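Pasting the structures in now, so scroll down.
After this come two complexes, each holding chain A, first together with chain B and then together with chain C.
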Partner chain A sequence: MKSLLRSLQQIRKYPSAIIGIVIITAMVLLALYTIATIPYSEAIRLWRGGEDVWGENPRLAGPAWYNLFLRQKQPTTLVLNSRDGAATKTVATSPTSSDAQDITLLFTFDYAYDGFPQELIVFLEAEYEQRPPHASLFWRTPDDREIRLGEFPVRRSETYRLALDSRLTRRLRSDRPEVALFADPDADSPTPLKGTYELEVHVHTFEADTDVEAKWVAYGQLHGLAGTDHRRRDLMVALMWGTPIALSFGLLAALGTTLTTMFIAAVGVWFGGWVDAIIQRITEVNMILPILPILIMVGTFYPQGRSIWVILGAVIALSIFGGAIKTFRAIFLQVKEAPYIEAARAYGASNSRIITLYLIPRILPVMIPSLVSGVPVYVFLEASLALLGLGDPVLPTWGKLIDNARAQGALHNGQYYWVLQPAVLLMVVGLAFAMVGFSLDRILNPRLRGL
Partner chain B sequence: MMQANTLTIEDTTETQNGTVLSVQDLRVWFELRRWGFGHAGSVRAVDGVSFDLGYGEAVAVVGESGCGKSTLMKAILGLHLPTEGDIVFEDTAISTLGSRRMQWYRSHVGYVQQDPFGALPPFFTVGRILEEPLIINGIKSSTERQERIRRALTEVKLTPVEEVTVKFPHMLSGGQQQRVVIARAMILQPKMIVADEPVSMLDASIRVEILKLMRALQLSHNLAVIYITHDLSTVRYFAERIFVMYAGQVVEKALVDDLLANPSHPYTHALLAATSDPDAANAETFREVPPGEPPSLVHPPTGCRFHPRCSHAISGLCDTQEPPEFDIETAHLSKCWLHR
Partner chain C sequence: MAEATQTADTTSPTKIMAAGYSRTVGRVAKYTLIRTVALLATVVVGIYLTILVANMGGHVDEIRRGQIRERVAIGVSMNPDMRQLPTAERTKMINEMVRVEEQRLGLDQPFIIRSFRFLTDALTLNLGRAQHISSDSGSRTVRLIILERLSPTLLLMATSNLLLFGLSVFFALYLSRKYGSLMDRLVIALSPLSSAPAWFYGIFLLLLFAAVLGWLPFGGMVKAPPPASRVEYGVSVLRHLTLPVLAWLISGIFSGVYGWRTFFLIFSSEDYVEMAKAKGLSSREIERSYILRPTLPNIITSFALLLIGLWQGAIILETVFNWPGLGRLLYSAIQLYDTPVIVGSTVLYAYLLALTVFLLDFIYALVDPRVRVGS
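Coming up: the complex of A and B.
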């Protein structure tokens, strides 16, 4: 055992192994950070919630770091809420009625991007008894043009989508008010006019104690560290939560299959005879069974119970009688004949003691590299299953992001970030484990040393 | 009352006279299979071996490779089950023992192997290697285990104990490794030791030391020793009696000095003639070596198994009837028709 640890220390001599360990450590830290900051229930809420969670996110927005590489800077989302004091509120009593008031909410903001926003929405909330207040909206550009927007009664919760106001689009002679309102009228091609804009929400109330709050959202073209998908969900949640899932799935599947396989091989070799024969026949039959179609079948027949842990169990169950049994058996057959095993039998060691204390330590040098190199295999398997639509229906995973992106035609529509981010993470994890695994193989299997 | 009686009987067997091990017409055959299930004859590795071994007695079993010495030894260690016959240890036939009683038997028999490095698990320290038999045989107290390890290592002269116990086998020399193997065989305070060519893989310079060590341990602990070797030159250091094996049978049993001075079986003659002796004159003299090869153990020759290679074979007798053991003189038996 100590000699094993000593040889593991040689890993310092392999730069690729160090890079791999650094990547794996970073991934593990990311996974721990994710679990600590976004607990499971929170992640589910963020991923499976609704408009209330993703309402302020733009749709299909690229990651915000795109701006570092773009010459024409694209806008990110601007949210101004009068509740947070982002608007100047003035209240004037109406000259006509003592109960009536004129409430003015003035949103002032700078716009300095080279692209237009994706969508413009004003959310209004009013508190009233009988008669809803009436709102009229005005838009002032930096070059002092004033444009009248919509006029409408404000019910308790009102959403005013500028692009859906047909009178406004007719007045602006454009289907896209978000372009028309920001465009420089003198430019040939639509270019945003930079400067300070004003949005005035003028509300006329008819009852005393009526109050109105407004939220102004100019959806950007870019969002967050990872962008959003077709349902306005922040991909960062899925990318972060995919890390602990991928790592734990890969590690548990690799550990579970390697350890059980090793133990089965050891039992077969030690007892020999018909025990060995049965194990070998099961292995041979199992080796020619295709694992992916069986997993697809499991996923299709048990859609309700298709959690990632059911899939993990099925993967382990299908892999324990895998080809690794043959490799382990070959080594065990050699070790079994060692004189020290005969000596152990002669001083009365039991079968289980010989298997666990005398046979298995000799296989650790072979087992550990194959265990480490086996992790990405299962990470990729989980991603493949998700890509086939057989992943966990609740949890956000990397494979599921790729699956969503494929279903929405992300690559045809130029949303490369949607596919590339999870794909790169998958490849980095695979590469890291492979680099560590190959180095361990060289350290622990002396015959490969110096190659 | 009964229990008290059995206890006293056991106590009397503990006295150091009498028979510790009795091998009775032992046969160990290995079945040959055709296509995995059909019976295709048997390899008769040990075929009718009987002898008694007294407390504190050392016997050497000699014979060429493939004569069945190792199979005999493994049958005595309980690693092979006898096909026929039995091995009786202190009035207990070991083939009838359940696993718990088998453990008791094994704790009374030490085993010294040929290849000292292979005999020690490379991933355990010396301390752990010696601790294993103690743990398995239920010595719970760690301090007692350490005390016994210390005593065993001191007995085989591997000191200082603290330095040796933390070492791995590959850090020791061949002689030191063999001392650890002997310490492991001794640590359960056995009544009998089976030594399978314990010095054949060691340097000539340390062979005598190891043999002297084993002899000293044998005398001080009154151990019965079965010493298996193909090298007659080391027998004299060690054994009182000597058994010569050929093709699965013991062909001659005698006291060592008797046998060396007065070999009676033709095979023993041949074996003695083949023993190397560092004498310059040997280079010029021609030795008579029996022609042919050891016989097939699947289809052994009829009659005396040595007759196809024997220059004294009597036609019509040696090739048809198996010779019984003839008494030549006291404690000297020969399985040859020449002595009828």
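Coming up: the complex of A and C.
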């Protein structure tokens, strides 16, 4: 054991192993941070959420840091909510009726981007008894043009999508009001006019105590650190939650398969005879069973088997009698003949004592590198299953992001961030473990040391 | 085969040789028999397990019964003659039709009995008819479906694997000569790259060459509609083949070269190689007779394992590149609960694996005089 630790200290001489360990540590910290800030149930709720959770996010927006590299700065999402005091509210009693009021909500904002927003929506909420208030919206550009937007009654909660107002699009002579409203009228090609814009929401109420609140959202072309997907979800949630899942899946699967395989190989070699024969035969049968198709079958046929933890169990169960048994067996066969084992037998050590205390420790130098190098295999296995549509149905994982992106044609449509971010993370984690495992292999297997 | 089992000391007198020869034949025969029985048993158990899983232990039958009942009920309610019948009579009619249909499909027997019939059918390569999938020519015969998908898979996998194998061994030999050079250290440093599967690099390649540069197609085997002229067809297939093969190579080459290089290096530090060097033999000679010769069994093993891999195809690589091969067939069969196709592909794979393992034992003895069959 001591010599094992001593040789492990040689890892300092391998720069790639150091890089690997640093990356793994960083990933573990990120995973812990994720679990602490977004609990498991919250992650599921967020990832399954629809417009109610992600309503203020643009669809298919790239990450906001794109702007650092773009010459033409693209807008990020602008949300102004009168509840948060983002609008100046004026209330005037109407001359016609004592109950009626005119409420004006004035949103003022600066627009300094070189691109147009993706979509414009005004959300209105009104509290009233019977007669809904009536809203009319006005738009004022920096060059003092005033454009009349829609007019409509405000039921309890009203969503006014500018692009869907056919009267507005006809008036603007453009199918894309988000372009027409921001465009410089003197420019040949549509370029946004920079400056201060105003949106006035004018509401005429018919009852006393009627109150109106409005939210103005100009959806950007870019959003957050990681961008969004086709369902407006912030990819950051999935990228962050992918970390603990990839790490735990990879580590647990590698540990589970290596330990069980090693134990079975040790038992087989130690008892020999029919026990060994049976283990050998089962291993051969297991080699004929194609692992990936069986995992696909488990995922497809048993819908409750979609959970990542069931798949994890199936992976371990299928590799208990995996091909690694043959490697371990060959080493155990050598160790079994060693004099100290004979000595242990002579003083009357029990079978379990010999297996756990004398046989298994001798195989650690071979086992540890193969365990560490095994982690990326399982990290990528999870992604592979997700790519086949067999990912965990509720949890966001890196593989599922790639699968979603592929299904939505992200590569065709140029939404490269959607594929690249999870892929790079997968790559980084996989490489980190592979580099450490690789160095460990060279340290612990003396035959390779000089090579 | 028997010749191969002769031991290295063939200088003994002819009489002893003859006696040894007949002993050898006996031993080989016994060994062959035992190996055949063991491998067959393995194949049988493996296929039976696949049948159980692919039928979900009989649950697929329940699904199919449900489908039959639904289809019959809809058929009856759509039929104006039958719609007039009183409810009791109509129910009786539906039950009767369901019973006939189930009998036709053999669903009336318990699953355990049928599972053994499936097993014998599978083992005798009587693969039956698919439930949902049909071949491009419209046939439902599993054998035809598999045969049709076999050639694209072989094209893709054989090209990628043979290239990978050849390049790995070639570069490994080269590097083992240049041991410690910059190139050598570069390959060692890059070998962790092989921890990612081929489809993963496939996505990067698609992004670069198909999406950004637009040089190569996104997927498929030939452009649609297929070109009429042979040459154009070949060029089109070649263009579609490039990216998946490249992905396979990137994911395999570094660890492949590293593995072989280390292996060759271990062998080139043997005493007899030093001896050959001392004798002044050319490096080509040393490589051929003193390094490649003793490593031949290992080269053959890995080549055989590679051949087994060919047959199964790469499910995900084929899915990512939309390649119409066996891997994607298996995947879509699983998605459609098409048990005969699933079992059919597994049977094919199991037989090929068993055959390869069986042949390997003998090929070993052929190339390595130290190995004696059955000893």
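One rule holds for everything that comes next: the second predicted complex is superposed on the first by the 450 of 451 C-alpha atoms of A that agree within 3 Å, B and C clash if a C-alpha of one lies under 4 Å from a C-alpha of the other, contacts with A are read in each partner's own complex, and residues count from 1 in each chain.
Quick note on the criterion: a contact is a pair of C-beta atoms (placed from the backbone, for glycine too) under 8 Å apart; a residue touches a chain by one contact, two chains touch by 3 or more.
This one's a predicted model, so the numbers in the text were calculated from it and none came from an experiment.
After superposition on chain A, the partners chain B and chain C are seen to fit next to each other with no clash.
Within the superposed three-chain arrangement, the count of touched residues of chain A is higher for C, of the candidates chain B and chain C.
Using the contact criterion defined above for the overlaid structures, shared-chain residue A:Pro293 touches chain C, although it does not reach chain B. Of the two partner chains placed around the shared chain by superposition, chain B is the only one that A:Ala338 touches, whereas chain C remains out of contact. Of the two partner chains placed by the overlay, only chain C lies in contact with A:Leu388; chain B stays clear of it.
Legend: residue contacts after superposition of the two complexes on their common chain; A:Pro361 is shown touching chain B, with no touch to chain C. Shared-chain residue A:Lys13: touches no atom of chain B or chain C. When both complexes are overlaid on chain A, the residue A:Ala346 reaches chain B alone and has no touch with chain C.
For the pair chain B and chain C, the model built by superposing on chain A gives 7 Å as the shortest CA-CA distance. Chain A has no residue lying at the interface with chain B in one structure and with chain C in the other. By the touch criterion stated above, chain B contacts chain A in their complex at residues 74, 77-79, 102-103, 106-107, 109, 111, 113-115, 118-121, 123, 132-133, 136-137, 168, 181, 184, 188.
Those residues of chain C that touch chain A in the complex are listed here as 38-39, 41-43, 45-47, 49-50, 53-54, 56, 59-60, 179, 189, 191-197, 199-200, 203-204, 206-207, 210-212, 218, 262, 265-266, 312, 315-316, 319-320, 330-331, 334-335, 337, 342, 345-346, 349-350, 353-354.
Residues 16, 281, 284-285, 287-290, 292-294, 296-298, 300-302, 373, 376-377, 380, 383-384, 387-389, 402, 406, 411-412, 414, 416, 419-420, 423, 426-427, 430-431, 433-435, 437-438, 447-448, 451 of chain A touch chain C in their complex.
Those residues of chain A that touch chain B in the complex are listed here as 1, 3-4, 338-340, 342-350, 353, 357-358, 361-362.
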